[in-house]
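You will see subunit A twice below: alongside subunit B first, and alongside subunit C after that.
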Partner chain A sequence: MWGVYLEQLLQSLPFFLQGLWMTIAVSGLSLMAGTAVGFLWGILRSSRRRVAKALIGAWVDVIRGTPFLVQIFVLFFILPEFGVHLEAFPAAVLALSNLAACFICEIVSAGIESVPHGQREAAVASGLNGYQQLRHVILPQALRVMLPPLVGQYVLLIKDSSVVSAIGVVDVTRVGWLTVQRIPQGILVFGLVGLLYFAICYPLIQLSNALEKRLGRSARR
Partner chain B sequence: MIEFRDVHKWFGDLHVLKGINLHVAPGEVLVVCGPSGSGKSTLIRTINRLETIQKGELIVDGMKVHDPRTPMTKLRAEIGFVFQQFNLYPHMTALENVTLAPIKVRRIPRREAEEQGKEVLAKVGLADKLYQYPAQLSGGQQQRVAIARGLCMRPKIMLFDEPTSALDPEMINEVLEVMRALAHEGMTMIVVTHEMGFAREVAHRVAFMDYGELIEIAPPEEFFARPRSERTRHFLSKILTH
Partner chain C sequence: MLETFNIRVILEYLPLYGSCLLATLWLSGAGLAGSLGVGCVACALRTSRFRMLSLPAAAYIESIRSTPLLAQLYFLYFGLPSLGVPVSETTVGILALTLNSGAYMAEIIRGGIQSIAPGQIEAAISSGLSYLQRMRAVVLPQAIGITLPPMLGQAIVLVKDSALLSLISLMELTRAGQILTSERFMPAEGFLTSAVFYLMIYSALKTLTVWSRKRLIYLHTG
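Take a look at the complex of A and B:
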């Protein structure tokens, strides 16, 4: 009897691959946007700009302190009340980018603060301007601390992207929901869904571990 | 070259510089000594505005350092600063450490900066360490790279903040040797240190600081033979007995 289901499942494989592609698109776009914004916020947050610091800090706290599902509902169902209409896909990308930016902001500012104060003083004393201090002295050292948790965060965010299925984005999780209504074998269907997520995340987990080992070693050089 | 006029600084409630008046001429070597917490590090850190002052005037190379509108990056390029803890960039080789600012701030072409960097590193005795990272060097070698990093900017002034205090005793001399050579070339230098042998031999004047005040300033022969203030005598008796 499993054979029949397995065959049906195999027939819907193209559907799953479409869903996988959507998951990759939503998380890929969000990770790129989130990384760019997260770096900017992280740099501002560890600077001396007080207003920017306070605003970013408050926003990061709000986002970290509320469920992603609720954030995405607010964006998709409540904003239209105020005349802002977003399609499911841009809403999903926007919400996930923002979530990514908040977590990455924390990683970036922690990385920058891990660089000893004397490094910035040396850079200041030699006449480098603010941008040059950051680019040539602070960020290269902060990056070593940041990279392993950053890649780890990517894994978490890719998994969190499954929440976008709740507003009708047809990602792998949504494909699972739709398929299980035709093939009532949850363990098979969601086993496949899980496997597809794992296929994307596992290489990243390996990368994070490798980075941790490698950068840990060079830090002791 | 450097002129302090009634300079005051507070850290919160703590009055760390209490009306400093001091003039350092071009080519002069001034050694500043004093107990820890006396404000001597703060004093030299104000010169390139690593610390801001709250009252008084501070003119360096014709620039008003006390004026918050004075852009500092240009002046900082003229002042080499050597830290107690070296503060070399750990992700760069010795040569990269000394060429970063010449390339980025002075806009010297990379090849030219590297030629000059090799020359200066050779001058401080590190011709064979160009491509080593700081962690592969001893403390004394690291501090010499740090001095070379300052010199590669062709500065008008070199400031040293306890340059030998973090070094093992056997490495102190190799660093002092480099500083001695520099003094003989006519570099304007302010050196915060407890190396009284160096002060006696190299300094044009020695200053004693205590509780944020410049207590006494005199040529070394006079400073060590006939200190005028009781506090100076007391300090000298403590550090010269061993």
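Take a look at the complex of A and C:
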């Protein structure tokens, strides 16, 4: 009995790989955009610009305090009321990029704050301007602290991307949901879905652990 | 849109939101309690010297951490009935939250125990404290202080994760938004009201986290 289902499941493997590609596309685009915006927000947040700091802080709190599912529903169902019609894919990328930016912003500002104050003073005393201070003194040191949690955060965001299946983006989770209507073996179908996520996330988790060990050691030295 | 934002409809649906708020609190509270239990057991097995025990625990923790909650939820929701196990949506929902958070709790507890310097325990032994006295006076106060902030962080994640249970048609805050959207075609009112309720839970838990961080510093210095 399971053999028949297994065969059917193997036949729909191309469908699953398409879904995997969609998961990679949504999370890849969002991670890139989210990293860029998150760094910008994080740098602004650890600067002395009071208004920008307060605005970013409040926005990060709102996003961190609400479920991603609600955020995506708000974006997908409410924007049309303003006359902005987004397809499911751009809506998903936009929502996930924003989520990524908010979490990465916190990691970046914590990383910048971890750099001893004397370093910035020394950079100022050396006559470096604001950009040069960041580029040559602060960020290289902050990056050591930031990298392991950043990779860990990427894993969380790739997993969060499964939620975009709720607005009809055909990612791996959605493919599983569609397939289970046809092949009523939840264990098999979602076992395969889990396996595909595992193949992406597990190596990244190991990478994050390895980075933590290596960079943590060199930071203490 | 704002001129059409209908406060009256929200007031009309407020009793629904109230009961759904309670449902969210109950579902995530049950998940939290369950995950503390699962987390303690998984951590104990994971740190065991016997590979027979530590390997399955490690496999459980790693496979949960490497897959999304939604996939786990569907795995149980579609999987248990196909195995011939009849379970209600509520059971599946709480089970998924418990198993998911349990893996993260196990890691938090492990981190807390490992962060206690071995010298502390040696000092306690040489002071002549018994095992129970050691746990009570030396290990637990420090471990709880260290693990409390990340556990509260996990509780925040758990409350937000419980929103996914609306996808298996459980009644909770996000579902209330969906109901308002489908009955009155008012997604703005529906989902923004849900969001406000989540923010209320979030700010309460965040205040608690800040407080526990302060207590933690106090524990270390005093």
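Here, the second predicted complex is superposed on the first by the 221 of 221 C-alpha atoms of A that agree within 3 Å, B and C clash if a C-alpha of one lies under 4 Å from a C-alpha of the other, contacts with A are read in each partner's own complex, and residues count from 1 in each chain.
Simple rule for what comes next: a residue touches a chain if its C-beta (ideal position, glycine included) is under 8 Å from a C-beta of that chain, and two chains touch if they have at least 3 such contacts.
Bear in mind the structure is a predicted one, so any value in this text is a computation, not a measurement.
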Of subunit B and subunit C, which one touches more of subunit A's residues?
C
Does subunit B (first) or subunit C (second) touch A:208, or do both, or does neither?
neither
What is the contact status of A:128 with respect to subunit B (first) and subunit C (second): first, second, both, or neither?
first
Can A:163 be said to touch subunit B (first), subunit C (second), both, or neither?
second
With both complexes overlaid on chain A, does A:184 touch subunit B (first), subunit C (second), both or neither?
second
In the superposed arrangement, which partner chain does A:137 touch: subunit B (first), subunit C (second), both, or neither?
first
After the superposition on A, what does A:35 contact: first (subunit B), second (subunit C), both or neither?
neither
Contact residues on subunit A for subunit B in the complex?
116, 118-119, 121-122, 124-129, 132, 136-137, 140-141, 144, 220-221
Touch list for subunit C against partner subunit A, complex:
1, 62-63, 65-72, 74-83, 156, 160-164, 166-167, 174, 177-178, 181, 187-188, 191-192, 194-195, 198-199, 202-203, 206
If you look only at subunit B, which of its residues touch subunit A in the complex?
48, 50, 73-74, 76-77, 79, 81, 83, 85, 87-91, 100-101, 104-105, 133, 135-136, 149-150, 153
Hey, which residues of subunit A end up touching subunit C in the complex?
61-62, 64-71, 73-74, 77-78, 81-82, 155, 159-163, 165-166, 172-173, 176-177, 180, 184-187, 189-191, 193-194, 197-198, 201-202, 205
